[in-house]
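Next up, some structures in structure tokens.
Both of the next two complexes hold chain A, though its partner changes from chain B to chain C.
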Partner chain A sequence: MLELIFAVLLIAAFATLFIKSGRIAAIISLIASAMPLIAVMDWANDFGIKAFSFGVENSMDFSIAGITMHLSITSFAWFFAVMVFSLLPPIFLFSYSFFEKNNGFFPFMLFLITAVFGILLASDFLTLFFFWELMAASSFILVYISRDKKAIMSYLAFSVLSAVLILVGIALLYSQSGTLIFSDIVLNADKVTVSAIILMVAGFAVKSALMPLHAWAPFVYSKADEPFVAFLSGGLSKVGYYGMFFMLFALPGAKILHQYFNSGVATYLLAVIGAISAFIGTLLAFMEDDLRKLLAYSSIAQLGYIAVGFGIGSSLAMAGALFQAFNHAFFKSVLFLAAGAVAYRTGKWKISELGGVGYKMPFTFMAALFAIFALAAIPITSGFAAKWLLYEAAVSNKYIFITPIMLIAGVGAFLYSFRILYGVFLGENRHDDIKEAPLPMIAGMFLLVLPLIIFLIFPGYMLDMMHSALVDAGIGTISHTNYVIRTGTASYNTLAVVIGMMVVMIPAFLIYVLRKQKKVDFKDNFLAGEPYEFYGYISMHAANNFYKPIEDVIMPYLRKGAISFYTALYNAMGRVSDASRKIYTGLSQDYTIYIIIFFFIIVGWLIW
Partner chain B sequence: MVTPVLMIAIPLLAAFLMPLIKKAHRYFTFSILLLNAILSVLLFAKVYNDGAIYETIAGFSPPVGIYLAVDNLSALLALIINLFATINFVTSKKDFKFSMLYLLGVTGATGIVLTGDIFNMFVFFEITAVASYALVASKKDEKAVEGSIKYMILGSVGSSFMLIGIAIIYSQLKSLNLYDIAARISSMDPKMMWLSFSFLLTGIGVEAELFPLNGWVPDAYEGASSNIASFLSFGPSKASIYAIARLLIIFSMSRTYELALYVGIATLLIGEVAAFMQKNEKRMLAYSSIGQMGLILIAFSLIKDTSYAIPAAFFIIVSHASAKSSLFLISGKKGFGGITSKYVGLAGVLSLIGMPPMAGFWGKWYLLMGIADEKMWAVAAVIIFSAVIEAIYFARYLHKNLGEGESEDLGYSIPAAVMVSVSIVMGILPLIYNMAGGVLNA
Partner chain C sequence: MVVEKIAVIALYTTIAMFVGILFMGVGRKIVARVHNRVGPPVYQGFIDIAKLLTKKTNISHGWIYDLALLFSMTGIMLTILFLPIGGVKLLSMEGDAFLVLYLLAIPALGFALGAGASGNPNAAIGVMRALVMMLSYELPFVITLIALMIYYDTSSIAQIVEMQHAKWAIMIPPFVLAAAVADMALQGMLMEAPFDIPTAPHEIASGPMAEFGGKHLGALMIYKAGTIVAYTTLFVDLFLGGGVVMHDGSVLAYLANFAVWFILIFLVFTLSLLINTSFPRFRIEQAFKFYWKYEALLAFISLIWVYLMVIS
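Up next is the complex of A and B:
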């Protein structure tokens, strides 16, 4: 079974390497990417409801001649696999219309999927690292296609940083426990030291764009092809969190850290980092004018919430974190794809240049609207359930620093989502000549919206899905039925909420539709007598300088952020490099003297 | 009947026959190189199956006679050198003198790795060095001559150091046979032993591009034509770093290993840091080569302590030989200019920074496993630092070459693609044959 999936993915990858047409390549990729999804769904009986203990290998062990690559599926890998592989067929459906020519997106995307499949199924560290690096290599090539200097440089540098951190961590684990096989390391967990865990968590955090290791994300998210970015933000960042989940809870690193520091300081630090990511990411997001950069910072912020949950580590927090991860995978993919669809029709990325697109592209607007509801955690979406669990976990643990920051970031999420809605889709209609996005694009986006709706009404299904993962990792789950989540302090009945919302919304909608309307010209409402030409075209736009007061207050503090730190580091390194090249004077006599000096130094060192 | 002698004798003889066959010299040279590559495959197969070969020339038994000693690693290195030499020669468009020098250079490099006699090693060093000086200058412009002269000056200083080192050993032990020396090295006067080691390390280090003996490297690589820069990075430099490994094994003292580790770290750091801001493409690749040689030396300096050292060094050598040679082949013009060059560039860079499915991945894996075995965390930190530096400048290199430039010359980019595919094959082979299994099953 596994051999077949790997073979299909690799054959499809090599085949699409030589296909010029984007359409045919998309169809091949779509079929190939359905394979792992079908397999993952097929394993649902093992993990969906009933418990499955970690370390007991499934019958799907896999080896090719020679070295045994230990591949087996565990319950938490399964949860992440459902999340990641459900994204792919819709993304390829979207790509069918997005790419007319195959620019290398399809083959390397398929290599990337192969790698992700391998990472999630790995049950020894060599396999994990091999596929991790394969993922880094193929995603780097996908970034390379974008031809943007900052994106290419930052992505490769951070990928390599993540890889070497993980490799050193693996080497440490190996030298401490004498084995690379997961289940054996878990048995020898008492020998594992803190440094290995910290190194590996840091390495995985790079992929999850956790601050301060996020510096690559704004460049890459804003320049690479949208379908890839949708997968990068939705899927690959979760692979990083899978690694962290493995290190912290399956190993279990959190306990080791706790014992070493004699308190929960290390995991608390992770939660704080997550909360700060959420906070600063949100602030940066609502000042961005570039739609893709806005979404990039929003990704950093939303991924920060997951780290908060991992840091708190209680069953409530973990349920919230995994729920948030799942939601984020889908709503952020939809938003990136919607941004891609808008750009596909208008060719523009700047919010200040867009506006009124929703009138012409109503279905794209609908998909994006629903994703934004989920992102802003409005109670009629599954996003609310996830954040609510996280907030409650933070409150019940009395985290007085993290809770308010998260709440502020939650409101901030609404502020920048509002800019997407108002600046891009609503407002003044500036695009009369565009059409709705092609059908495959819309179908792809709506397929991705579907889970958000399902888990809005039935959050219990989601908690069932993660049940065995949480139980196997020794965290424990929270009590729930299909509609009701019960925590220690409260219970949340989604059915009641949905019905309540319906009761309010449907009459409101009917009143909106049926009332007598007076159409007010768009330019009327804020001009206040000023001539329209006075400010020029862009400055009149509602999204321009929308949050200027807030910007003026906080921007001076954010200017000294991580990216300027890395830039300074780069420049300093450049000066060191220039200085070091002064050693190479270009004069043979100098070099000869170096040889003689070297000789005397080593003679002296060896003899004395 | 494959004997290692043929691999040295045939190209040497062919080189001297070259003036007689002026017209078809390119086909002649190519077929000789191909023959040598096939011989090296057979030799490797034989060594792999039957164990190391020790062969005496002209009937004298050691320690008196000259003799060749071939083990797994040296057979593999001979294979790499001859294989890449064959592929690389396809790009040659020069006259018969060039072909002759090229054959001599290959002979010398092959001889260095196959010989079991320290004086023979010196002779082969001289052969390959003299041929390389001339090959660098064969581009016949100002920079080529400048690079060649610097290379020649430093190379001659280096070879005199080496000769003195050999003389000291001979005066003490009355033997030139490597195995004989290794067996009796402890009977030497310790001061003489250290002195001879220092002379030999300094002498060979010039060819092996070790810091601070590598002043010639940027100029020579920049001045040489692309295919000669490529030749330098898989031929003489790889043979000399192997010679240093042999030197370390002969002396086999913890101090010499420690020294090699420090020199390796210095070479790695200086090479990578110098390459970081280098704008000239060929010089950047040259500095990067220096860094990689440091990495190989670090791997070799762990030979005594960990069994991961040899595979680590081997995979880094393969990765560097194939990737850097192919990058040099496609360098020297603006932009990649075509799909073949683009993928060669990508594959080469990914191999050098150690990503699968390239040989560099296994090099990095084994090296860090070895370092973890020895718990040398400072070295691990240095490697993390240099890997990130390397990633940044190679990303800049890749981006710079994206721009519209001259269209690619398939005569260069196809041989480069063949070379870089060796790295891919060697990256996938460990998965098929149980080369990595030792780590898992240990």
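Up next is the complex of A and C:
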């Protein structure tokens, strides 16, 4: 059965290579992407969740050319698999309308899914690395479709960096423990050194766009096709966190680091890096004018929270981190898809050129609104429960540096959320001639919004889902019922919030019974009938340079960022290579001298 | 049990709203007296709201514009439910200070949505200023909040209030500093001068309110009344023991606590009004620098002080 799933995915991938129509390819991909989801649902029974059983076995050995690949599902891989694979059918549903022609998105997306399925199932490092490379290659081609040089080069450079770090890490692990199979390494965990763990974690952190390894994200997220970016930000970044989770808690790397440094300084550093990612990402996000770049920086910020949870490592923090990972997978996919839907209808990406789209595309707006509420952690979506767990964890550990930074990043999220809401969906109506997005797009987005609402009322279901993952990783879970989460210092009752809200909404609504009103066009209300062409298009838009005052204060401090560091590194490497090229003078005397110098070095070394 | 709880909730929401509307009138009276004017009567707020709510509204700018204000009224009332009022816990055992921080964002975001939907550039500028102000004052405020949480080893506001029975937080040296910082943050939350930048009437025509009239403006006034009660109560709960003076559970204690809570939030509100009448308005970047440079530094000093007290 497991072989069948891999076979279906690969056959579908090869079949879609030869299909020109985007519609047919989307349908094939949709069916194929449901296969891993069926397996994931089936395995829910293994981890204490009641679900349908289809009889999918949960492990498989696969031999090719004398090398055996071990595949089996673990509880933590299963949790990540749930979030990654439930994203896919809605994304393909969206793509049905998004792609008229198959430009290569579908086949390589299916290769990518195969690779992710393999990564999550891998139970030895060779298999992991094989699928990791397949993932890197297929996602690189998906980036390559964008034909944007900066995106392609930065993605390639960082993918290679990630692969090298992981490969060296695996080599070290093999030399230290003498095996590549996960369960054997866990048994020999005392032989594993910190360098291997740090290398592996850094390699995985590249995929999760953790600062300072995030430099590729803004370029790639802003140029590649939206459905792919939705999966890249929502799904693939979580695969990076799966690797980190595995290295830090299943191996358990956190304990090894702890013993080596004789304190929690290394994991604390990870938490600080996460908090700074959240903070700087937020600041950069609300000054960005390109909608996709804004979402990219917001991704970096939201993913930073997960790293904070991993760094703190208590049961509270881990529950918060996994919850945040789950939420982020869904709301960020919705936002990228909504951005794609808006661009599909208007063809524009700049916030200062958009505006008033929400009046013409109300359903897209509704989906985006819910996603934004989740992103800003407003307590009417499940976004809040995750952040709440993380804040609680940080405060109960008395982290006086991380907690305020996380909280202020949370406030900053309101700023860029409003930027999206006002600049794109509300405000000046500049698009009278557009229609609502096609039905499959809307259906895809609403399917992704659904979990955000379900886990608002029942965060306990989410904690049940991650229960066996946390127990297997030796972290332990927190006490909860279906709708109450209790920590040592406080409790959070979602039902009280929802019911309280309904109760106070009744009088508020009674005060405010709506009557028949005249709908006023916005052109009447502030332009007083004058055409805006008269004033110039962009400069008149209130969303242009929206946070200018605060930008003037903050930007001088942020100018020397990581991206300029990498640019300087790139230039320096160019100069070094240029300098080294000068030894090829083309004169035979020079080459003779090189040979003589080389000869003397060898002789000198032998005498030594 | 549930019905009882809902009745108490309804009662307290109503009381809080009445107190808020009363304070708006009282505030205008106090400001007038500082200006050496007679000023409107203290019940002017009720008259204004009654007038606005009975007015027929002719203009709408779409469903977001209509529903957003409903959203902000709901949000502010919901926030009040999660704050202990005079020691009465309402729903505050079901959530904590982080929840309150985020619940306070619901009305603000609702208000911002409504203003955004009105399409007026002045409203957009006003909302931008309001959000930047939020980012500014939240930093010092959350740092003081974390100092309290670390000292009392809980993040629940109800428990922080309970632990102040013996000694109010403001009587402990580091929290004097923290309370001073939080009071300046409160000035920004209440949008009083020198931080009345978002609504600056002379610059941007009252900012976010520019397009609202009739029923919408009435709803906005109720929202404003709610914010006064919510923010002052938050301050009193955190630093002044929530106004709890007797804790034997008798009816007398109930009334006394309520009276003390009322006096304390009135004092906090008056202090904010007196600062309001004495200072001109900051520019937005000045306010941002003020909060992130000086206030945040002071707040952080108090946090480190508390941290050293706790770990020693």
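Here is the rule we use: the second predicted complex is superposed on the first by the 534 of 608 C-alpha atoms of A that agree within 3 Å, B and C clash if a C-alpha of one lies under 4 Å from a C-alpha of the other, contacts with A are read in each partner's own complex, and residues count from 1 in each chain.
Here, a residue touches a chain if its C-beta (ideal position, glycine included) is under 8 Å from a C-beta of that chain, and two chains touch if they have at least 3 such contacts.
As the structure is a computational prediction, the values presented were derived from the model and not from experiment.
In the superposition on chain A, A:Ile11 makes contact with neither chain B nor chain C. In the superposed model, A:Ile31 makes contact with neither chain B nor chain C.
By the document's definition of touching, of the two partners only chain C reaches A:Tyr391; chain B does not. Of the two partner chains placed by superposition, only chain C is touched by A:Ser491; chain B is not. By the touch criterion stated above, A:Ala136 is placed in contact with chain B alone, chain C being left untouched.
In the superposed model, A:Leu558 lies in contact with neither chain B nor chain C. Shared-chain residue A:Ile380: touches chain C; no touch with chain B.
Applying the stated contact rule after C-alpha superposition, one finds that A:Met573 touches chain B and leaves chain C untouched.
Taken in their complex, chain C has these residues touching chain A: 6, 9-10, 13-14, 53, 56-62, 64, 66, 69-70, 73-74, 77-78, 81-82, 91, 93-96, 98-99, 101-103, 105-106, 108-109, 112-113, 116-122, 124-125, 127-129, 131-132, 134-135, 138-139, 142-143, 146, 149-150, 153-156, 159, 211, 215, 218-219, 222, 283-285, 288-289, 303-304, 307, 310-311. Per the touch definition, chain B reaches chain A in the complex via residues 149-150, 153-154, 157-158, 161, 191, 194-195, 197-199, 201-202, 205-206, 212-213, 215-216, 218-219, 255-256, 259, 270, 273-278, 287, 346, 350, 353-357, 361, 364-365, 368-369, 371-373, 375, 380, 383-384, 387-392, 394-396, 398-399, 402, 430-437, 439-440, 442. Interface residues of chain A facing chain C in the complex, by the touch rule stated above, are 356, 358-359, 376-380, 384, 387-388, 391-392, 395-396, 398, 400, 403-404, 407-408, 410-412, 414-415, 417-418, 421-422, 426-429, 484, 489-493, 496-497, 500-501, 503-505, 507-509, 511-512, 514-515, 517-520, 522, 525-526, 542-543, 546-547, 549-550, 552-553.
The part of chain A that touches chain B in the complex is made up of residues 64-70, 124, 126, 129-130, 133-134, 136-137, 140-141, 144, 147, 149, 152-153, 155-157, 159-161, 163-165, 167-168, 170-172, 174-175, 178, 180-181, 570, 573-574, 576-578, 580-581, 583-586, 588, 590-592, 594-595, 597-599, 602-603, 605-607.
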